[in-house]
Structure formats: C-alpha cells, structure tokens
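Two complexes come next, and they have one chain in common, chain A, joined by chain B in the first and chain C in the second.
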Partner chain A sequence: MLERLQNVDRRIIYVLLFIVCFIPMANPIGIPLEVNETTQMVYDIVEGLNPSSDKVLFVMDYSVGGSADVHPQAVAVAKHLAKRGIPTVMVAFVNDGTMFAEQIITSLGDQVVYGTDVINLGYMAGMETAVKAFVEAPKTAFNVDFRGNSVASQPIMANVSSIRDFSFIIDFQTGQPGYQDFLRQLPPGMSYAAGIVTVSVPNVMPYLNSGQLSGLLQGLRGAAEYEVLLREPGEGSARMDAQSMAHVVIIAFILIGNAAYFLSRNKAGGPKA
Partner chain B sequence: MNVSTDPWVWFMGIGMLALFSFIFKENQAYRLFEHIYVGAAAGYAVVINYGNIVDRAFVPLLQDGQFNLIFPVILGLLLYTRFIKPIAWISRWPMSFLLGIGVGISVFGTLNSMLLAQTKAAMMPLNSINNVIMFVGVLSVVFYFFFAVEQKGAAKQFSRVGRYVMMITFGVAFGNVVMGRVSLLLGCISQLFGDWLGII
Partner chain C sequence: MRRTIPVLIVSGIGFLLLASYFFNFAIGPTDLDGISSLITNWGVIVAAFAVGLASVNLIRIHSAKVSRRRADWIHSLALLLTMAVFIIVGVYSKHNPDSAGAKALFQNLFDYSYSPFGSAMFAILAFYVASASYRAFRARSFEASLLLVAAVLVMLGNAPIGALIWNKFPVIGNWLLTVINMTGQRGITIGVAIGGFATSMRVLLGFDRGHLGIGD
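Right, the complex of A and B next:
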C-alpha cells in the first residue's frame, strides 16, 4: 500500500488534475484574490501616465507555447492603456509576437485608432542585436509597420526620436529576448516593467529588488490581479479558482507521497547506514 | 453548449486531444499532430523571417538606395557556404562577425546591469528582518561556492546555511514551475471547452 502511494500512476494524477481544473472553470467558486505589490506597481505606473504627453512601448516577446500565461496580461494592460488613451507602440522581437499584437489591436475595436492611438511595428529579427538597434533608433528601425504602412507617416511616431521618448516600456516575454536583453541595452533611468511566465519569477525577482525593474506581472496570476485592479474580469480571473484547486491537488499528492515514504522508512527499521 | 462551427477551431480541438493522448500512450494521432505542429511553426517562422529580410535588407538596398546594407547582406549569404563542403571555411568569417558583435553588444550591459547593479543591490542596510535574511542568504550561498578555504568548522556550518538557502530557492522555483504548467493546462481547457465546445 505504501509502495503504491509513493508511485501513484501518473495517469491518475493527470485525470484528477483535469477534473479539478475543469469543474471550477465551468462553475466558478469565487475564491478572493489578493493583489501582489509587483502588479500594483505596474498598474500605478499606467495610471500615472499622461495621455497628452506620454507614450508606451509595448513589447510582445512571447511565443505560442507560453501565451496561456502571458497573453491575458498583455490583454489586460492593453485594455488599461486604451481606456486611459495612452498612445501605445507595439513591437516584437519574437516572430509570434506580431500575431498576438494584431489580435489585441483587433479586440480593442473602436477604443483605439490605428496609427494614432496604437501601432504594430512588426517583428525585428536578431534577438539582442535587434533590441539594441531598436533602442538606438526606434523611429527608423522600421520603414513599414506590420500592416505595410510607412512608419514615418504615422501620427503616433511623430514625436519619437529616441527611446527616451517612451515614458514606460512593458515587455511581455516567455524567454529570449527578454528582460535581461532589455536591461543590458536600455539607457539608465528608464521605467521598464516585465510580464513574464510563472516559471521565470524566481529568476526575475533579484532585478525587481534591485530597482532595475519598475514592476512585474507574474504569470496568469498577474493577469488576474491586473483584471481585479481594472475591475474588468477576463481570462486571468476566470482561471484562478481552477489554479488554486489544482495546487491543492498537487500539495495533497506531495504530502501523501512524503508521508508514505517516511512511514515505509520507519516500517523498514529506520534509514539504512 | 454552443459548439463552434469554425473548421479551424475543430482542427485545434481535435489536435489538442490528439496531443494530450500522449499522456496515456504514444500513438499515431499524437505523432501526426506533432508533425503538423512542428511543420506549421517552421513554416510560419520561415514566412515571417523571409518578410523580415525583404523589408529590412532587400527593399532598402534595391529601392531606397541604402547601399551600405550590401556588406551585411553578403555576410549573411556567405553563412550558407557552410553547406558547400569545398568552401565551407568561408562561413567562419560571418560567424566570427556575429560572435564578435554578440559579445560586444552584451558585455558592457552584462557587467553593468547583471553584475554591478546586483552587487550594489546586495549592499543593503540591515534594518529589517527581510534585509538580514537576504544579506545572510547571499553571503552564505556565495561562500558555498568558495573553494579557496577548506570548509570545516564555522566555515562548514556557514556553507551549510548556503545549501539550505539554495534548497529553499529550488523549492520555490519548482513551485513556480508547477504553477506555470497548470496555467498552460488551464489555457488548453479554456480553448477545448470554451472556444470549441462552448461549455465554459
């Protein structure tokens, strides 16, 4: 019995996880969600921007594989920027990013005017080299945007002559290029925040603690917290109950496995020399 | 229940189920959709990157008269000599260029933002429990990897503190990995039962 508890068939774990995730998504429980300080920091920055003088650089550096974690964050922040009327320049250094940028712009509908309130510059290949090229000359880095329009003729790019013309940069990423590339290439003193996958959170925290990052959205939970602050529930909030229940199941299995291990050790007469 | 009528959503749903079937046993349906996924991702990357090269190299070079771009275009093309055995050695030149630029671009930023900024941040006032924990944690972990001194007595104990700090960190990292994977599963469930079957 103890042996079986230490080696539970993984298919049982998968099926249980699936059930435990599906039920709360079909019938939400409404577990209260406390907003993290790092999410609040991002929200406060966007709230403090001036629509008539500030511009935001919205970097879409996430791929399809991690989009379930990061896309809800990007949607929530984009909605906030659109609501406040902050001009937003979208760019991607990952080839999937342009697709998500177009999805977000389409979802914003009449809230934004393309070319004036928002623009999708497109994708620039080259990883950190591309980031550096863009940081050095954001206006001339792209001749045409993703939709084939001349970048120089777009009103939103009129007063952009250097990277410092962006009051805030937010970078949604799943890997490379990511926060490290931007931190290496951005001039000092720029307000830069990141929306990352949950897996990367421990690696990024030192940069937040040192003040190099102005804020951080931590995975799907970060998206849910931002939606709470925005008072507009979306994909993030809808999945939080299921996330919590899944964690309960995983913790239960960890406890069962460990209990079975220690009990079997005691039964066998203590640890072997 | 509001089942989608979009054939691509159906394709997505069936493909997702086929890929999930790997959990039970590898099978032909899984292999089929795995190949479709790899092919589609590669095709998308080729199209996007081809467009990038045309928009950023050939159009400015041939239409806008930016002749200074001829040098990187030639270097880029020389990379492909790698596939021609007699002249494969030529590809080392553009490769060296890429490596040199890569190192040059990142070295200053690495020193500045990765090393100096982090070291400065570690020099914190010991005026709160958090700061004391972080200070002791940083020192003990760095000391764990300090091999110039034999680790015995007090040094060994301090090094052990570093090991425990790292173990806690790995536990935190594991917890975040679990959370991240569950998030991805939730995304799949949302697409299957929401976008496809309209149950959620």
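Right, the complex of A and C next:
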C-alpha cells in the first residue's frame, strides 16, 4: 500500500488534474482574491495618466505558448486604458504579438477609434536590435502600421518624436525580447512595467526591488487581480479557481508521496545508510 | 583571409556600437550616433531576412522528407500545407488591406487554430509538472526537505485558496519570493552579466569564433 502511494500511476494524476481544472472553469467557485502590491502599482500608474497629454506604449511580446498566462493581463490593461481614454500605441517584437494586438483592438469595439485612440504598428524582427531601433526612432521605425496605413498620417503618432513622449511603457512578454532587453535600451527614468508568466516572477524580483520596474503583473493571478481592481471579471478571474484547485491537487499528491515515503522508511527500520 | 575578414567585421562593428554608448563625435557628414542607428537598422533588415531564410529552410527539409517518404512524412506534409495556407492568406490580406474577408480569415486562422494549438502544447506541461513534482519532491535529505517546504509555501502563497486556508500563507510566500529568492537571483544576475561581458569581449577581440562557424 505504502509502495503504491509512493508510485501512483501518472494517469491518475492527469485525470484528477483535468477534473479539478475543468469543474471550476465550467462552474466558477469565486474564491476571493487579494490584490498584490505590484499589480496595484500598475493600476495606479494607469489611473494617474492624463488622457489629453499622456501616451502609452503597449508592447506585445508574448507568444501563443504563454498567452494563457499573459493575454488576460493585456486584455485587462487595454480595457483600463480604453476606459480612461489614454492613447495607446501597440507594437510587437515577437511575431505572435501583433495578432494578439489585433484581437484586443477588435474586442474593444467602439470604445476606441483606430488611429486616434489606438494603433497597431506591427511586428519588427530582430529581438533586442529591433527594440534598440524602435527606442531610437519610434515614429520612423514603421512606415506603415499592421493595417497598411501610413504611420506618419495617424493622429496618435502626431506628437511622438522620441521614446520619452511615452509616459508609460507596459511590456507583456513570455521570453525574448524581455524586460532585460528593454531596460538596457530605454533611457533612464522612464516608467516601465511588465506583465510576465508566473515562472519568470522569481527572476524579475531584483529589477522590481531596485525600482527599474515601476510595476509587475504576475502571471494569471496578476490578470485576475487587475480585473478585481477594474471591477470587471474576465478570463483571469475565471481561470484562477482552476489554478487554485490544481495547486491543491499537486500539493496533496506531494504530501501523500512524502507521508508514504516516511511511513515506509520507519517500517523498514529507519533511514538507510 | 577567410577567418580574418569576418573577425574584423565583427570587431569593428561591435566596438563602433559600444563606443556610441559613451561618445559622440562627427564623422564626415554624420556622427557616431547616426552611424550606430544606421547599423542597428541594417541589423533589423538582416533579422527579417533571417526569418525568411528559416521558412525557406523549413520548406526544403520537410519537402525532402515528403518526397522521400521518410518516417513521419505525413506530419511534414501537414506542416507544409498549413504553412502554405497561412502564407497565401497572410500575403493576400497584406497586399489587399481593403479585403475584409481576407483579413478576417487570417485573424480567424490565428485565433481559432494556431493560438489554441500553441496554448494546448504548453498546457500539456502542467500535467508533466504535476507528475514530476509528485515524484521529485521527496524529503530524502535536508536540502530536499527545504526545497519541498519552500515550493509548497510559495504555491500556497500564490494560489487564492492558500489565503483561505491560512491568511499567513501569502505573507510567507511573498517573503520567500522577495527576500530569499531575490538575494539569490541578484547574485545570479550579476554573475551572468559579468560572464556575458567577458564572453562579449572574447567575441569582439576575435578569441571566440564559434558564432562564425570556424571554431576557436
């Protein structure tokens, strides 16, 4: 029995995990969520922006693999920016990002006027080289936007002559180019926040602590917290219940495995040499 | 010559770009900053061509697999057909921006096939992680026990259900992340930066030529 508990068939784990993820997705439980300080920082920055004078650079650097974690963050922040009427320039240095940008702009519907309130500049290849090229000349980096319109003729780009014309930069990313590439290329003193996948959160902490990052959205939880602040539940909140239950299952199996290990060790007469 | 010219190009361009971060002076009709921007733009163009080259290479390899009926050739055929659909629809919609149908088709292909399949590929990892955690997190030693306890505390601190079980779990998880983890990560980041600097100098000075495909 103890041996079996230490070697549970992985298919049982897979099925249980699937069930505990599926049920809350179909029938949300509504586990209360406390908002993290780093999410509050991003929200406060957006709340403090002035619609008549401030512009935001919205960087879509995530691929489809990490989109389950990061896309709900981007949707929530885009909704907030649209609600406040903050002009938003979207750009991507990962090829999938530009398609997610179009998805978000379409979902905002009549809340935004393309070309005046929002623009999707498109994708630029080259990783950090592309980031450097864009930071040096944001207005001329793209001749046409993703939809084929001349960038210079768009009202939203009228007063953009340098990267410092963006009051706030938020970068949604799953890998490269990431926050390190931007922090190397941006001039000092710019307000820069990131939305990242949960597994990258430990790596980002030094940059947050030093003040190089003005805020951080931590994975799916960051999206759910932002939706709580917006008072508009969305994909993030819907999936957090499933994530919670999945955590419980994983922890339960870890504890069962360890309990069986210790009991079998005591039964065998103490630790082996 | 075959080794020297590429090394000279790498060193010259590299030191020029490095110098532009510290100095700026006139060079002919332009200045160092202007030359640096020009080279950066060349880099973007080369990267764009590299993306195209990668696609051509992919087509070449998988076409050969299909034509010679090698193992799993049917998957290569699926890849080539999918690529063709995306390329045809994408190029058509790009050159016909007024065609709402083409634009909608390309977006729908991304939203309803590429994106869900890509997400699913990574979602499968969740099951592997669950199974691997169950097998790997055994308190066989002091260090393993420490890892186990830290992992459980951070998981419970991150999941909303942890706060429901005990309101101190988020506090403990956050402390582990922002104090213990951060100090370690800071050391790693500084070490990586110093190592990266040393490697960069080796490349710029021509001691390391692996990137040129000609070895040391």
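The definition used in the following text is that the second predicted complex is superposed on the first by the 273 of 273 C-alpha atoms of A that agree within 3 Å, B and C clash if a C-alpha of one lies under 4 Å from a C-alpha of the other, contacts with A are read in each partner's own complex, and residues count from 1 in each chain.
The rule is simple: contacts are C-beta pairs under 8 Å (C-beta built on N, C-alpha and C of every residue); 3 or more make two chains touch, one makes a residue touch a chain.
All values reported here derive from a predicted model rather than from experimental measurement.
In the superposed model, A:M124 lies in contact with both chain B and chain C.
Of the two partner chains placed by the overlay, only chain B lies in contact with A:G211; chain C stays clear of it.
In the overlay built on the shared chain, the residue A:L33 is in contact with chain C alone; chain B does not reach it.
Shared-chain residue A:S53: touches no atom of chain B or chain C.
Shared-chain residue A:A238: touches chain B; no touch with chain C.
Of the two partner chains placed by the overlay, chain B and chain C both lie in contact with A:A68.
In the superposed pair of complexes, A:Q185 makes contact with chain B only, with no contact to chain C. Contacts of A:G257 after superposition on the shared chain: chain C is touched, whereas chain B is not. When the shared chain is aligned, chain B comes close enough to touch A:F22, but chain C does not. On chain A, the surface touched by chain B in one complex and the surface touched by chain C in the other have residues 10, 14, 17-18, 64-68, 95-96, 124-125, 129, 132, 198, 201-202, 206, 209, 221, 243, 246-247, 250 in common.
Chain B contributes residues 23-24, 41, 44-45, 48-49, 52-53, 55-56, 59-60, 64, 101-102, 105-106, 108-110, 112-114, 117-118, 120-121, 134, 169, 172-173, 176-180, 182-190, 193-194, 199-200 to its touches with chain A in the complex.
Residues of chain A that touch chain B in their complex: 10-11, 14, 17-18, 21-22, 25-26, 64-69, 95-96, 98, 122-125, 128-129, 132, 142-144, 180-181, 183-185, 197-202, 206-207, 209-212, 219-221, 235, 238-239, 242-243, 246-247, 250. Put simply, chain A touches chain C in their complex at residues 8, 10, 13-14, 17-18, 31-34, 63-68, 95-96, 99, 102-103, 106, 124-127, 129-130, 132-133, 136-137, 147-148, 198, 201-203, 205-206, 209, 218, 221, 240-241, 243-251, 253-255, 257-258, 261-262. Those residues of chain C lying in contact with chain A across their complex are 37, 40-41, 43-44, 46-48, 50-51, 94, 97, 107, 110-111, 114-115, 117-119, 121-123, 126-127, 129-131, 133-135, 137-140, 148, 151-152, 155-156, 158-164, 170, 177-178, 181-182, 185-186, 189.
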